[in-house]
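Both complexes shown next keep chain A, but they swap its partner, so chain B is in the first and chain C is in the second.
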Partner chain A sequence: MGKVKCECGHVNPHGTVLCESCGRALTEEAKKEKFHDMRYEGSARRSQTYNKTIVDKVWNFFSSVKVGVWLIVLTLIASSLGTIFPQEFYIPNNVTADTYYEDTYGIAGKIYYMLGFHDLYNSIWFIALVASIGVSLVICSLDRVIPLHRALKNQRVARHTTFMKKQRLFASREGTIEPQEIGKVKESLKESRYHIREEDGSLLAEKGRFSRWGPYVNHIGLIIFLIGAMLRSVEGMYVDELLWIREGETLEIPGTDGEYYLKNEQFIMENYDKEKDSEVFSEAIEENGVIAKNYQTDAILYRDENRDLPGAEPELVEVKKEDIRVNEPMKFDQFALYQNGFSQNEMKAMEFMLTNKETQEAVGAVKIDLFNPKDVYDLGNGYKVELLGYYPDYDGIGKDGEPKTKSPVPNNPAFLFNLVSPEHPDGEVAFTAIRQTMEPMGETDYKMEFSNIETRDISALTVRKDLTLWILALGGTIFMIGVIQGSFWAHRRLWIRQVDGKVYVAAHTNKNWHGLQRELDSIIEHTSIPSPEDQQASEQSGKEKN
Partner chain B sequence: MSDLVQWSGNLLYTSFILYLIATLLFGGAILPKKNGQKQGVNRWGKLGITITVLGFIAQLGYFFTRWAAAGHAPVSNLFEFITFFSMMLVGAFIIIYFLYKLPVLGVFALPVALVTIAYASMFPREVSPLIPALQSHWLSIHVTTVAAGEGILAISFIAGLIYLVKTIDQSKKSKQTFWLEAIMYGLIAVIGFVVITTSFRLAGYEAEFNYVNKEGQAASETFTLPAIVGPNEGELLTENRFEPIAEMPAFINAKKLNTVIWSLATGFVLYWLIRLLSRKRVGALVQPLVKNVNKDLMDEVSYRAVLIGFPVFTLGGLIFAMIWAQIAWTRFWGWDPKEVWALITWLFYAAFLHLRLSRGWHGEKSAWLAVVGFVIIMFNLVAVNLVIAGLHSYA
Partner chain C sequence: MNKKKKRLIMRSVILAVLALAVGYTFYSNLTKEARGNLQEGDQAPDFVLTDLSGEKHQLSDYEGKGVFLNFWGTWCEPCKEEMPHMEKLSKEYEGQVEVLAVNVGDSELQTKKFAEQYGLTFPIAIDSSKEVQKAYGVNPLPATFMISPEGKVEKVVIGGLVKENQVRALFEQVKP
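Moving on, here comes the complex of A and B:
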């Protein structure tokens, strides 16, 4: 492609607006403009130069900041829509989304559900929107950073006077500057940490150029972050399991391929106590009633040493013993176990007394393990209790006359007993549920009287492995470095030139013009060098007066 | 209540009064000069900033004594967080003041801080112990950084507001005057909230309701303002109390909505009182205060505050937030409403910076953006906590 050779002799890439070296305007538009557009130093950006092929058009679309801002704004609006009603993963477990939204929020909820907003952040269009931002980030950055880097690398000390005149901060006067004055200004510039370059009487003072790279650095960080977020869906990078574990139980930890086992020694839940805890909290405890203090699972982690031997029984070796609390997960290998939830007082065993109704005499006690009931409980002396039926989650009598159970979990246990006694060697049939007894085969002489219950807590632990975290951390760190680099520093330049018996002074910054002007005023003060004035401001105030 | 908590409260009062005095002093500093000298820092301005710094020290005193009393950083409920936010706003103002020496910023920033403290004190003020999810030193790291970022961004709003008050033509009615009045009304409505809540609290108004909640269960609620809107299937139990005009569906928190209605109504009355008495728009009423303001400088201050505040907000509101979320909630991001609104705030300021850097949105457009950004922050701070309940709604 045709290069553009400037009058100064520098060869610029095709599409350059301002000569990379001397700053002379190379296009007709640039020659006409009142102030030069200095955002990218008038460098040759691909998007501004080519517009023929499909690739060019796609490139140009995504390289536009206008498009980028639209993408940001659309994502912003879309995100806000998802907070109107709770997302699907926050609604209660025991309801389904298709009924929940309409039941709770009426017609608005129904529409919300129909539009798919109940799962907005996982929708294809939302992910596509975020992905477009990612594409825009890459293309926008590449389109600008390469030519900008070229332009700043090739910039000459002596800029053409037309370039200087079209800077926002500019001043000129007839005459020359004494060398010792230049020396003085150089000293103060150095004190303000400017780098100084000189070429036959011309001077360029520059500082904070690295802040120009800030935006590109932070965009790289964001890209890495987005890639990290995408990798989560790659097999093996991410584990998200829930482990419900009862007190005393030892279970395989899901997601670890049978390598690790966990024992729940005990689950602890504590609330703040007005008497025991600090006195300053007493008012708050009184106001709020119960305030939770601690959720904790005392756990032992085991490793199965036999896991590579097919068919072998697990041989568990203790790895460590730790208390898992909210904010204090147990970490092992690449996994972490988090205290996530609990269910208290699940029934474990029930104890009944076989009792003679007439004499109120107890014959013996029967303890039924609700998870592993026996068929027969022999009490000796001809007394025996046979368990004909066990309904752990009793839900009334079905149409066939049989008792029903909702689930295998002992939420509401019920039993069909056959009570054998010396008087009734064939037994008497009794049905016993919580607060309910039935004698389906006629009245009985004996009954099973409830005497005791054993309960235990269940702890819910989240099993998490996330191998993308370090990528996200890296991306986040790079983003922060870039954003600080770009925000907390400014790229400032001052040009001083003497040509044909005239002194020209121009200055540029990418932000904080007042700051630059104040700095320059204090540096140039008390010298014969004219202090650059804000041409844009004087023009505006001129307009206001008219 | 321990002595330390008492002390802490007194220090907060002290800072409130000092900020009030400083506002008046800054007001004196921007009065038109007789001899027409250039606007700079005069005696009033110096006194003003000194008192502001003293107030800030007093508020720091409040913060650390309360920290010592509670054993954790006092940023765990709405009262504590909003108070801390006001402290960060004043802190950011002090920094910007030393960078630019602009007393007029104090005339606007300190009243906003005062209203914020008053607003905060309407929420329960007792020292609460931390629930398990909050028991982490990330509480102090995350929350204080967020508040600092938001405080700095609030200065951008204040500079933008000054810019708008200065530049919007008040001689005729326009879209701009309308929206500027809308902002003024918003600020006055916060005062309305403080006035009405305090009034009925002093009068000891309480009305108890039985109602049916979202889960379809019976519940009760005590209204401290007369119920214009009542709860779902609500039944007024207290005698001689105002019967609700309308009943709300179960998913709306009627008590909070009722407070919002009262605040807006009181704000409306206050706003029109001011307008009728002054026979001017509020924007026009405060315009003389900004007569000597250099609007380009104000534009730069607003932008500068975004440049400083944006990285701080990103660090606190997204990065630290994600680290803690990974530790406490097992995942660094969960699309909880508060998280989403922090992301929205971040996206908004990102758009702001792109519009400014690449599309040349300076001056008035930039000032409006700074105002909208602050509205989003306030929405996240207030509405998301009070209205859209999520994981963050422990306040």
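Moving on, here comes the complex of A and C:
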């Protein structure tokens, strides 16, 4: 493998298409092409090595733009597949994924689950695809930006005439140019912010070279963004938990390692009111009925001072008291608590009257806390209610003759009472459930009559911590800088050369050819220098005429 | 030649850095699920709970003895089935293997009534804050963790232990 030495004497890296210095075509194909491909200045972008090691093979695979595009297309297809059915994360809590997809979506759902699409974005192959895009970005960029930079740095003022002829904007004529005319053109070029280099009668005017780096700056931003996304899976960088908390409850905030506790003072849900709220709402209220105005959790944040073992009594110190509303999270440390959902009217306590069946006389009221019922409720004067059994989620009588409970949540509370009265000092047994009473040990003289129910709301709060956000923002900003750099500036060059009694003028831009032509026309106007013309356009119009 | 070598080294270094980043991403993503889920062989997380009679039990106090750590609830049918075996064997292995039953979600009344009904004498604690349950990653009940005298999780059993022999084998496993 050798270097390529150009006729002009410049030594180019192996694989170079156009000499870095003078622009002479170095390959047979380049010599034959009508216009030179100037995207990478004809630089050696993928150096070929004869003894390809495994490292070179991997490198060359990822340095291919074709491979990069395929990776992006595959990722796009995969990402869209994940949106056909809901991801596992979003299916209801009380069902398992292996039955949910088949039950809900039939055979398609079963296939979806079997192929692992239910947890697509966390699957190895999806992460591998995204990671490959990252690798491809790095290698593609390195493999192009370095030779391009080299080629632009090494470019000579006097380009070979063949190079000039194969530029899109080109003109030539017999004769020479007066030095004062060159001087005039230089002046106007400088006015248009061109940098000018001269070498024995040849001239190179160039501006906006930095716009060529736009795509690479853009890629750096993307890579930083990907790094930020990657860091989300690192412990401690990203927390996204849900906390269901009842009114009055104080619970450890998940994701804070037991450092913080939260008390739900009360949950508030407000609707728009026709009477109280501004008139502008009345039409909408009439049309839609009830419209929610506010979801709010009045909360107190505590820090656990002893941060002892799990299960140990926490030593809570109040940090702050705040109302959490939708889009108005409570912020502390690096965490934020967002109002996310709610469930209203969970039973909290039930009140019964101990009543004499015959006289319909109420002896006294018993209020049972459904989360912490007591053994005995003493009503005085020889009246007492003993709680023999409590079944918070009553589900009928079991095989052993015992009442059963489905769960520890008071969805359908039932009680086995022993009613003690002066007439029955040993008590009478009564079983009381919602809309159902039983007297398993024979008819009783007293009963527990349901009188009242106390309910409370449960608030669902999202616990969020995201230390990767600034990295994502930085990546996004750099990405945008690259986009702006590449789109709002153009890299424009003008070559003027006099050789063997002929004047050659060529120009190149990486975009907006029309703009370049207009700029040059106004600069070269009124001089004897021929204004470069768009060879591609004249060729096309020539074709059309034929 | 020298240049070629330099490039090879350069490329190898860049590829190694990329491979490292990708490898770490895989590692942290794949272990995300397992995090918080206790596995056999792990050190058992220490905790402290107060039992129904008001006595404090800290796991590390049991060092030198095996521990049969059982998470249960009164509503859970299979939990009821294994309780008598646990009661019987806790007496048999007294001083060698301690049974510690952690109730998840019930009120004190229910737990007490249950213990009375089944005649349970081993310590029963209510994990009202659910912190211990979380530390052990317990979801379906019952869940039993066999903890060796050195404080390691020897075995995790999710689901009911129907036969006495099963329970006996577990006791034998962590006997000092």
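We take it that the second predicted complex is superposed on the first by the 518 of 546 C-alpha atoms of A that agree within 3 Å, B and C clash if a C-alpha of one lies under 4 Å from a C-alpha of the other, contacts with A are read in each partner's own complex, and residues count from 1 in each chain.
Simple rule for what comes next: a contact is a pair of C-beta atoms (placed from the backbone, for glycine too) under 8 Å apart; a residue touches a chain by one contact, two chains touch by 3 or more.
The structure displayed is predicted, hence computed values, not measured ones.
Contacts of A:372 after superposition on the shared chain: chain C is touched, whereas chain B is not.
Of the two partners chain B and chain C, it is B that touches the larger number of chain A residues.
In the overlay built on the shared chain, the residue A:505 is in contact with neither chain B nor chain C. Of the two partner chains placed by superposition, only chain C is touched by A:309; chain B is not. By the document's definition of touching, of the two partners only chain C reaches A:55; chain B does not.
When the two structures are aligned on the shared chain, A:488 is found in touch with chain B, with no touch to chain C.
With both structures placed on the common chain, the touch criterion links A:325 to chain B but leaves chain C unconnected. After overlaying the two complexes on the shared chain, residue contacts for A:164 are found with neither chain B nor chain C. Applying the stated contact rule after C-alpha superposition, one finds that A:68 touches chain B and leaves chain C untouched.
The interface of chain A with chain B does not overlap its interface with chain C at any residue. The touching residues of chain A, counted against chain B in their complex, run 39, 65-66, 68-69, 72-73, 75-76, 79-80, 82-84, 86-87, 89-90, 104-106, 121, 215, 240, 272, 277-281, 283-285, 287-288, 291-295, 325-327, 329, 336, 338-340, 462, 464, 466, 469, 472, 476, 479-480, 483-484, 487-488, 511-515, 537.
Residues 1, 47, 49, 53, 55-56, 58-59, 122, 124, 127-128, 131, 134-135, 138-139, 142, 227, 230, 233-235, 251-252, 254, 258, 308-312, 314, 371-375, 387-390, 392-393, 404-408 of chain A touch chain C in their complex.
Chain B meets chain A in the complex at residues 1-2, 4-5, 69-71, 100, 124, 126-129, 131-133, 135-136, 214, 249-251, 296-297, 300, 303-304, 307-308, 310-311, 314-315, 319, 322, 326-328, 330-332, 334-337, 340-341, 343-344, 347-348, 350-351, 354-355, 357-359, 384, 388, 390. Of all residues in chain C, only 4, 7-8, 11-12, 14-15, 18, 21-22, 24-26, 28-30, 32, 35, 45-49, 58, 73-75, 104-110, 112-113, 125, 127, 129, 131-132, 134-135 touch chain A in the complex they form.
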